[in-house]
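In structure tokens below, several structures.
The same chain A turns up in both complexes below, where it pairs with chain B and then with chain C.
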Partner chain A sequence: MADHDDETLAGSAVEKAEPQKISAGTAVIPADPFENPGEPQHHIRMTDKDPAEEKRAARQVSTLFFASIVFSCLAVAAYIAFPIKDGDTGSIRLNNLFLGLGIALGLLAIGIGAVHWSKAIMPAREITEQRHLTRGSDATRAKAVEVFELGNKESGFGRRSLIRNSLFGALFAFILPGVVIFRDLGPKVDPNVVLRHTLWKKGMHLTLDPSGTRIKAADVTLGSAFHVIPESLLDSEDLLEEKAKAAVLLMRLKPEDLHEPEGREDWQYNGIVAYSKICTHVGCPVALYEQQTHHLLCPCHQSTFDVTENCKVIFGPASRPLPQLPITVDDQGYLVAQSDFHEPVGPSFWERDRA
Partner chain B sequence: MSATTESPVETHEVGYAEQGNMPLRPAKGSKLMGAAANYIDERTSVSGLVKEVGRKIFPDHWSFMLGEVALYSFVVILLSGTFLTFFFQPSMAEVTYNGSYVPLKGIDMSAAMQSALNISFEIRGGLLFRQIHHWAALLFIAAIGLHMLRIFFTGAFRKPREINWFIGFVLFILALAEGFTGYSLPDDLLSGNGLRIIDGMVKGIPVLGVWISYLLFGGEFPGTAIVSRLYSLHIMLLPALLIAMLGAHLLLLVINKHTQFSGPGKTNNNVVGVPVMPVFAAKAGGFFFIVFGVIVLIASLFTINPIWNYGPYDPSPVSAGTQPDWYIGFADGALRLAPPHWEVVWGGYTVSFNILVPIVVLMGLLATVAFYPFIEGWVTGDKREHHILDRPRNAPTRTAIGAALMTLYAALWAAASSDLMATHFKLSIDQVIHVMQFLTVVGPFIAFWITKRVCLGLQRKDREIALHGHESGRIVRLPGGEFIEVHTPLTEYERWTLVSYNEYEPLMVRPNERGVITPVERVRAAVSGFFFEDRISPVTKAEIEASHHDSHGAIDAGDSHH
Partner chain C sequence: MFSSSKATATAGRKRVGRRSPLATVSLIVVGLLTTGGAYALFTSTATAETGSGTTSAVSQDKVNEGQKLFAANCATCHNMSGSGTTEGPSLIGVGAAAVDFQVGTGRMPAAANGPQALEKPVQFTNEQIQAMAAYVASLGTGPSEPQSKYLKENGNAANGAELFRINCAMCHNVAGAGGALTEGKFAPSLKGVSSKHIYEAMLTGPQNMPVFNDMNITPQDKADIITYLKYLEKNPSPGGFQLGDLGPVSEGLFIWIFGLGAIVAITVWLTARSH
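== the complex of A and B ==
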């Protein structure tokens, strides 16, 4: 702090001495500029003219501060007076409301009091302070350069290139373990393999989400839709991870409405089709089924899939059709999967189409 | 002050007496304060700081408070957040809820969700503090946004404040990151879906995407790690960075001193305003309590993020009309606007342009914002320091660029509510999306053109007023029979505000000292032309004099088109 005065003085000296050095670029400098008329006359407040007004303002400020004390105490009282009763949401609402109002009014009274104090009582006359160029004075900058040069000379940083370059190498290398160590943030298995498989397999029963009851084909009436999970899901260790891949929507349409591509004619059963519920865009559940149009809509980004056309994308940002789960019935008439999905479900990824 | 040494008499005054001022001389009834101040100063030399900063001048304008709102809401976030950490359990371990909120009793959820419910339903004031924290976060980001707009449209980012603009931009990004990580912590259905979308976006990144997602979530989505990892970021790393950046931001503010609007008595070489001690300190300190009080008032009256209505995260259900917190809306909206089938397989590898293009658009928008001061500085070549703010109309192209960027942001943001617009206004979702796609691509150009025309029109109006004064509405018949409207002349002060602004002309390409015109210089000249081709020059003294002689002087005299 001690030598700050010198610096600022020197700074303004620089400003005066070398204004022509600073380029104004393509700015137009007026040849005959207007004179700055200087500060307009100061506006006198009522509290400046009338001592009674000033006294009144002072009383208002202290009243606000006293009010703040009262409100803060009321907040404490509200904390005690409005306890939370088990299972009673109304008591939570009251606690929240009155505790909050007490605190809020206590704070606002302090704030408004302080601002009122500053505006009505403290001197309102504006003060002018000079600015200085932000850059250090030439002397200071020369000193700084000297410091660096001295440091360079004494350490030999510029001259001893072997030391310097090996240090750069070391500083780079020492980061590497810090990067590598993050590998075990995830398990050892390759995600590209894991993402290809779900819990579905040959003979796995389709069950209702979340109860886990099996579904009889005969119970799936025309036009209905079911949220489905694999039967083994509820016993799974990684319930949410598996559900995030295996969730399925089951719908029944008139068989003649379905236009299945070649080779998939037998993936449905009597017009009952099962499609992955995980959007191929960024993975939200495609939860909305429009019964009349047979469209599936993702509520997150409005990708729309046409169930009659093998769930191809007809609108929205998704690119791929929802993967179909091949289904059939077991000998008791319950719906089962024929196999796992034949492609990865959910959002696309770099190696998705690699075999 | 280290020179102060122990001596038997009046030790504490030696240092100041030499400098000829004694700021710490005890006043009546404040002997204790004086002793305390002396004690501290002899150990910290803080008096130098007080002397330096205590009477620093701050100019006053309502728009300068936007940054203050951001700062104060950040303090509220720190205070309320610390309280929440005493109760929140950042764990995804599965528990069966058995708390006092009846509808969720017996439902499996993570410990994080359970503790968030317990904060809301078991702890007195817990819900209040959760809501204070959330509302303060929303206000924090909103205030940062408005503060940035103020800085942008007044040109406060010009030299020497370009670096501070960039630091402010980093603060904005950190605030978004804080918002998103915090939003994800309760592990409720909405936040889980938000994370699912992040997972899907990350997987769309070429080559590394799957691995980044896998490491981030500690395995397959959703895993059991993400909440505690985001918690570490949310309460430690991101706040530490925020505080460090905020420190740098405020330090540079003090070093550069605050900008001020043009006006009589205000020059590029001075600051006119009130001193820190006592007026600004009282105003700003009081304002902190007002901001705090308003946040608490909102939190006690309005529910925010009722996680108990959403239930715990489950990958299968989702409700119609899912919405992110508003500040993430522009990113979510960008995702919604990609047309179908923008995914290709090249050489066996999947490239998801439906994700990459929105990401690139967002990055482009953010990068333009981050680097705008450097771009404008390069175009004008103006190396002078600028402490007088521009009125937005006096920098028409900058203002128009700002309006264009805002329109792009607004279109993306509105697109995040495309489904709600469709259901509320009974439109088809296809129509809404197509309109939004159109607005995203064409809207910024329209906004640019309109804004620039409006600015130029306002500048013309200013010229007219500066030259001829205000219309008085009084019609007078001259002896010759002619009718004229009497104009009241401007005061010197009024005129100064209208005529004192910076003007730039387009850059003329000139060969450099080696006689060549570099391609970079050609680009710069082209951009400079784009910026300054249409411009209205400020009124000159000569024009004012001419207008006194001939009250019907050409208004458009300064309207030069090159």
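== the complex of A and C ==
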């Protein structure tokens, strides 16, 4: 490897730039510059020493390329052997799986073969390439200035101020539409209008999700949890959006277990309480109800609410209790809402506290 | 040096035999083994007797038999009258379905106080469970065991899946793989649970599970939910490996270890010198 500085070898004919002389006034010259460690010691590979090894490596590379051919052919064969049949999702799975495996392994074999080829068989030689200087030669710079000046003279860019300034104006105006459409990233309607109210209102029947059948108070036995939607939801145009706000969990506890705050004692009916199912943290459905401990757990971030204490937060990142839906019964004994929620359901939003 | 080693030797000789600290321990071990062994022998023979005795029992006999079993196995926590103590709830009005579920899945009798009674090998024969169920049902009316027409797993799996997603999936996971609750409690996996036990669990709300009575989820809807769960058990996942159906946790762990591991391995190989 004594000849590895030979100028005629491919790969070593690099343009070499001498480092510029820097004047002491413009640069910090370290008193004890870090010594260039030079190139690492040249490593002689098995394939350099032993022709048998080199032959073996060459065989491995060609085997990988042949394997790639085989995998690509297998992908084609799999596409024919496992056709996608209408209405059979299993056939899509088989087709995609084997087609994808064939293509992926085909490409992987080419890649591994190419890297192995370059690492084991192609000549191993350390070379150094100096960085080019970023500053052009004085002649190049003078030529560039000349081109600019000629352009200015011939176009009259500096002289014809009306054309120039109107062009500036046009370019500025062209950007405006792009800026204006950023508005679409913001909310479509004022969140204060859409988030403040749900479908619940006075006299709205509580109905079962998903069937929409009304719920008799007597049917809600102790320890029960009913997943509830407002009766008008199933006829609603924006069913999912309205459900995302109006979903309610109905539970029955022993009346003596409930500690309702003053003024809200009649929001429950014989121990039946209804709370918003939308977590006040980021709006996951809170419905993991433990009927003995009366804990309500949110599955997303483990916020835990105590149903006996008006759903106050006893653990986790939620910062507000779940809003309670005031309920009562109609003259036939079916559960109805007394009103909408008295506060916005779900997570916080800007100006939520605005009256 | 010599004298000190001799002193140790004499001290050692003094501590063997009856006065050795090990003597007390071994005495306790022997005592425990004898009493425990005798107790086990006694209870196993007692179980065998009652097991053979209830085969052709009429209803009142069954209730009486159940009362005996109850007094022997349940009354410590649930009180002799079944009215409950501080250790266990009242069983008046829980019905035969609750007994069949709790005892039939081995959750009762509970092994120890804890956040949740765990599923264990069943402690009683089917006849004994029926007898205890008959006794507890006689204490007060409650849900009885489901009719077999709802356990045939031939309902509407699509309707069952929708009901399962609304009522059950938040705790039991959408594939029924189970999930964590608060303070050490958890919703168990529903894989391999018998149709009857699934039905009874919905009906009675064991432990911290809420009750889903027949007005909330009708018997036919319960049959549909069971059909859905059994459909999941019988049909392989269309997405390939299920990784326990646990969702982002197991799937994320898999891709972090094996996906990133493969990328790291390839990167190391790419930059390594050929030997």
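As a working rule, the second predicted complex is superposed on the first by the 238 of 355 C-alpha atoms of A that agree within 3 Å, B and C clash if a C-alpha of one lies under 4 Å from a C-alpha of the other, contacts with A are read in each partner's own complex, and residues count from 1 in each chain.
Throughout what follows, contacts are C-beta pairs under 8 Å (C-beta built on N, C-alpha and C of every residue); 3 or more make two chains touch, one makes a residue touch a chain.
Nothing here was measured: the structure is a model prediction, and the numbers come from that model.
Residue contacts after overlaying the shared chain place A:I127 against chain B, while chain C stays out of touching range.
Once chain A of one complex is fitted onto chain A of the other, the partner contacts of A:L101 are limited to chain B, with no touch recorded for chain C. By the touch criterion defined above, A:P191 lies against chain B but remains apart from chain C after alignment on the C-alpha atoms of chain A. Of the two partner chains, chain B is the only one touched by A:G113; chain C is not. Shared-chain residue A:M251: touches chain C; no touch with chain B.
Judged by the touch definition given at the top, the superposed model places A:L208 against chain C, while chain B stays out of reach.
Taking chain A as the reference chain, the count of touched residues is higher for B when chain B and chain C are set side by side. When the two structures are aligned on the shared chain, A:F315 is found in touch with chain B and with chain C. Look at A:D353: by the touch rule set out above, it reaches chain B but stays clear of chain C. Once the two complexes are laid over each other on the shared chain, residue contacts for A:A225 go to chain C alone; chain B is not touched. Overlap of the chain B and chain C contact sets on chain A: residues 89, 97, 115, 119, 124, 209-210, 227, 285, 287-288, 297, 299, 302, 304, 315.
Only residues 162-163, 166-167, 170-171, 179, 181-183, 185, 187, 205, 207-213, 215-216, 238-240, 269-270, 273-275 of chain C touch chain A when the two sit together in their complex. The touching residues of chain A, when paired with chain C in their complex, are 43, 45-47, 89-90, 93, 97, 115, 119-120, 124, 208-210, 215-216, 219-227, 251, 285, 287-293, 295, 297, 299, 302, 304, 315.
On the chain A side of its complex with chain B, the touching residues are 1-2, 4, 15, 22-28, 30, 32-34, 36-40, 79, 82-84, 86-87, 89, 92, 95-101, 103-119, 122-124, 126-131, 133-134, 182-183, 185-187, 191-192, 194-195, 209-210, 227, 229, 238, 240-241, 243-245, 247, 277-279, 281-285, 287-288, 297, 299-304, 313-320, 346-354.
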